[in-house]
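Read through the structures below before going on.
Across the two complexes that follow, subunit A remains constant while its partner is subunit B and subsequently subunit C.
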Partner chain A sequence: MKKVFYIFVFLLFKINLAYSLIEVDITRGNLDPLPIAVSPLHVDIQSENFQNIKAKELGSLISSVIEKNFKSTGLFNPLNKDAFVQKPDIAHLKPRFEDWRLITAQALVTGKISINDNKLKVEFRLWDLAAAQEMAALAFTTTPSNWRRVAHIISDKVYERLTGETGYFDTRIIYVSETGPKTQRVKKLAIMDQDGENTKYLTLGNELVLTPRFNPTNQLVTYMSYFRNLPRVYLLDIETGIQEVVGNFPGMTFAPRFSPDGKKIIMSFAKDGNSDIYTMNLESRLVERITEDSSIDTSPSFSPDGKYICFNSDRSGLQQIYTMKSDGTSAKRISFGNGIYGTPVWSPRGDLIAFTKMKAGKFYIGVMRSNGTGERLLTENYYQEAPSWSPNGRLLVFYRETKSGKDGSGFSAKLWSIDITGYNERELKTKTDASDPSWSTLLSK
Partner chain B sequence: MTKSLIYSLSFHVVMILLTVLSLPFMIRQPVDLPPIISVELIQITDKTNIPYAPKARKVIEKVKEEEKRVVSEQAPPAAKAKEKPDRIPLPKKQDEKKELIKKKQNPKEVKPEIKQVSEFEKKEVIDTNQIAALIDKAKKESAKIEKNEKKLSQSSVKNSFASGLTLSEEDALRAQIFGCWTVPLGLPYDDDLLVRIKLDLKQDGTIRKSEILDHERMNKPGQKFYKVLAESALRAVRICQPLRVPQTGFEKWKTIQLNFNPMEMLKG
Partner chain C sequence: MKFNKKISNLLIILISTIALGACSTAKKSGVGSGDVYTGSDTVKYLASGVKDRVFFATNSSSLTTASRDTLRKQASYLRKNKNLNVVLEGHADERGTREFNLALGEKRANAAKDYLMTYGISGKRVSVISYGKEKPINSASTPLSWSQNRRAVTVKTK
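After this line comes the complex of A and B, so read on.
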């Protein structure tokens, strides 16, 4: 009886709380870049100069590089430092969140630099200003001359924490540097950081070079050059500078790429007007023929798992994109739009294939799913081609040429990048004209 | 027999007490009385009197006609006729209006009349603002968004019947959070990334407690995007506070659930 009574009383109290829960669906938000404050890193160094580096300025320099990286993504809006009200040393210990919120910042990066035993130590913290809590904190130790890389690594960590994607700042881009008039271009292999700094030239410009590609460890580069006036695929070790011709083909080899495990090179081999796709194992030097068709098959690219290959072929009449298994079986056409398709490249995420499309006198860079559906053209121009993926599959870098006069005047070739959403199209600054870019994987994995 | 009677009586007393205590809406009824709502409406009238004068004028005049008898008891008809245009507020002359009213009429009696006027104005103001806001957003978005709008209004209808929030109140809250929520643009659009946040609110709309309902998912491997989305949603709610909640019916909205789903926006 007592139990029944207690249950009855409990239920009566429960009625009081019986309002139905209000649910509100939020399906839209603003697409503005996230306001972020990058405080100059606090410098805890006594000496003014260290190994020809102005130690006192390192804090500002590193924060500037981070800011520049964020700005370039289009996803973040680094706030003007003039509006900052807290000093870097105090901000790094415990930010006054209200002050930072006043300038509409939603996230804050703080840091501290010190040099001990000829080693540069850089700490950084990422703060969520709305929640008033720390989101990430890391420290790196390196040689002082490596401060730029530290800035890129910090950018990657912050980017990953705030977007959920891996970053792409601690990476390099290899490209063909071009100088001279259009009719007599001097082309060299060049390598630079993704932000355009630290450019180095890998060849002298005596021979024409085209389509350089990194291997997965970023130590080797394969590219096409001319050997006795015959286009051949080469392999170059970036550290030692040693280069060699890939394979002993009795004809022209071109459009090389590494397999995802870096053990093979896949390329086209042309003879008697026919072009097919071959692979060569770099360890055993064994050559394997992948396609055997009377049409022109070229521009092969492996899927990230190495099980499939996409390539272009004119076997249906016009040049279109095809996919097949890595042994050459089950080839099927995946592009069916109007126009000509070329230079297909499989995304590192595996979901998309980027391509160049030529239609009605215009060149487009676009993406489609690996089964050929969902084709989207991201950018249109007079002449542009050769897309290459950023290591996180978020951006594409490609090159664009301008229309020139009959004497070649007004001609230029520049590198551009674009987000796969079609937004944030921007030029990558290079020291000379540039073409055929290829993005490395992350240097710090 | 006496014992049974005592038991019975005490039980009945307890029952009556429990019933009174546990059905608070019976007590709270006076809270929703019109005068309190009217006070709230006056504030809104003072702030938003710009483009709605023509509509409001008609409504005001209609109300005044109905109330003519009461008004004539308070002031001579001539004075009332002069005041008519003043009742339709103009942006820069509000202070003057108030002074005039004070001079010509007994403030105590004028007050309820103003309340009634502004009550109608409020309905017009809120509705029109809401429509304008929706039109502005629709311009920016593609036709797909129209679908979203339909979905939203359907859910609003469902909620307003279920919870007692009006469409305007729910839309105002939604519009406020739209503005505060910076959607992480790197999210994949084909994943199931619905973030549900339960909020305990204070009467002024500030947050007493926030809880992500699927918080254990945040720390699972491979759920980085969910974590990023959940954090952005929490950030939005915190930035937005105090939330635009109704001034009455606290018991109904003191606990509220927000479902953040950016998928349609990212696809579009």
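After this line comes the complex of A and C, so read on.
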């Protein structure tokens, strides 16, 4: 990833915190999304085509991607371009604020792109229309084929400036692509941009693959594969395509995740009818046993500071969520509601644990504080599980399956996301059926 | 560990005996005793009269009386065919989280394997694999289908 993308930041953010009037509160469901105008970026390029890219169209393509990102948040309402009153180049220099206010816009994004030495140069500005002033400005260069990421980076910067939270648009999602009938599902690892574009398949579908998860730098993926009918945890380097088995275990390993520093993989190892949690250090290859209990211990997930682990165990009878110190001591149960609980995963902010809950024939995605209090169920459905956090800890992506008829007809598996406020539930369109999503961290930090 | 396991196996047998005593009037086919499948749809045979699979209740890896009967017949068949090795495939239904179901499938396959070993089959002849909920035999979303999918299947390897 590093190889293909580099950004040079020319101007740092000009921040006028004290004077800005607009602010988007994302801590509650937003029923009144902020009207925002995204002007097409002014294209200062002479040639029609550049490296197979229709250069003249880039400005409006980039603005469309930004608008789609904003719309997906539920926090912003991108206004129809037909009503725009100023040409992109003039608006970028200095907008006529009163004209933009007339179409009810409260914020305006303008920009300009040009090509120098085969590099795409991008500038953008965010304007506070009510206060009639610039809120943020940024310029950077990249390779022209990265124009989609340009749009995502601009989206992130605007989101950050207006909400005070880090963005999540310049990210990818890895998942399991599913095709074929339910009894003979073909599963492949797939990766796409957060907005569903640029889907690529990382395995061919010859063997069953499950539960891919990114490392913190998004270059490695740990997942489970039934290669040669030996169910084991694997490590895949996305750039080189090199795969290797993690550890030398004499039985099934599964449910892998990286530690927050990326140095270890935590997973379950099942032998003789008993599943326990282990870590393996990727450098020293040292394997450490973390739990030693005759029950099923699985789905481990580290806290972001690496000091604690939450996991799933049936040591009290049925599946519940537990936390323990990262050395395996001080295990305590934290889920006590009616029903059974699975797939706990610790928020990147550290405060919440997301989970799957099963109760009275329904499946829920929910969050609770890491001490087990404050349980909130965000969404109820026939079947859904496996939440994964957006890097800013504001959204969860998970997968949902439909009920199938007699011969398996009507069955589908799709990715969905929801804000932790419980609002803005939406499907993430994928090329095929999909499950087991894992959200990357921000690609450019 | 080993010691614990023996105790828990004993307990499982005890508990299921009690449980079964209580519902000896379980229905003839379909979902019987608790929600364990007792019919013979989807069942294949290793040899005449030797069923290839046993079924489980939701969230359970306990063997029922019928399952133990099936496994004793499998053990006797394996004793007669000394060159035969088998793999025990453990499965779960679709109404559970993927990772937990992988563990549950492994537990079910091992419950069956342990029983075969009690009846004189060397552990070396029996390997175990869990497919969790990945390979349902019946793709309908019904309690009957789920009961057929909660299974441990004995498959000949050579």
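Just so it is clear, the second predicted complex is superposed on the first by the 412 of 445 C-alpha atoms of A that agree within 3 Å, B and C clash if a C-alpha of one lies under 4 Å from a C-alpha of the other, contacts with A are read in each partner's own complex, and residues count from 1 in each chain.
Basically, a residue touches a chain if its C-beta (ideal position, glycine included) is under 8 Å from a C-beta of that chain, and two chains touch if they have at least 3 such contacts.
These numbers come from a predicted model, not from an experiment.
Chemist: Going by the contact rule set out at the top, does A:Leu75 touch subunit B (first), subunit C (second), both, or neither?
Modeler: first
Chemist: A:Thr183 in the overlay: touching subunit B, subunit C, both, or neither? Say first, second, both or neither.
Modeler: Only subunit C is touched by A:Thr183; subunit B is not.
Chemist: So, does A:Arg172 touch the first partner subunit B, the second partner subunit C, both, or neither?
Modeler: In the superposition, A:Arg172 contacts neither subunit B nor subunit C.
Chemist: First (subunit B), second (subunit C), both or neither: which does A:Arg394 touch?
Modeler: first
Chemist: Going by the contact rule set out at the top, does A:His152 touch subunit B (first), subunit C (second), both, or neither?
Modeler: Neither partner.
Chemist: Touch test for A:Val24: subunit B only (first), subunit C only (second), both, or neither?
Modeler: The first partner, subunit B, only.
Chemist: Quick check on the superposed pair: does A:Asn229 touch subunit B, subunit C, both, or neither? Answer first, second, both or neither.
Modeler: second
Chemist: In the overlay, work out which of subunit B or subunit C sits against more residues of subunit A.
Modeler: C
Chemist: Mind pulling up the subunit A residues that touch subunit B in the complex?
Modeler: Residue list for subunit A touching subunit B: 9, 12-13, 15-16, 19-35, 74-75, 101, 106, 128, 130-131, 135, 160, 162-165, 394, 421.
Chemist: Note which residues of subunit A are touching subunit C in the complex, please.
Modeler: By the definition above, subunit A touches subunit C via 181-183, 185, 208, 210-211, 224, 229, 231, 251-252, 254-255, 268, 270, 272-275, 292, 294, 296, 298-299, 312, 314, 318-319, 340, 342-343, 356, 358, 383, 385-386, 401, 403-408, 411, 435-436.
Chemist: Help me check something: in the complex, which residues belonging to subunit C touch subunit A?
Modeler: Checking each residue of subunit C against subunit A gives 1, 4-5, 8, 59, 61, 94-100, 102-104, 106-107, 109-111, 114, 128-131, 134-142.
Chemist: Looking at the complex, which residues from subunit B come into contact with subunit A?
Modeler: 18-19, 21-24, 137, 145, 148, 151-152, 155, 159, 162-165, 170, 173-174, 177-187, 198, 224-225, 227-229, 231-236, 238-239, 251-253, 255-262, 264-265
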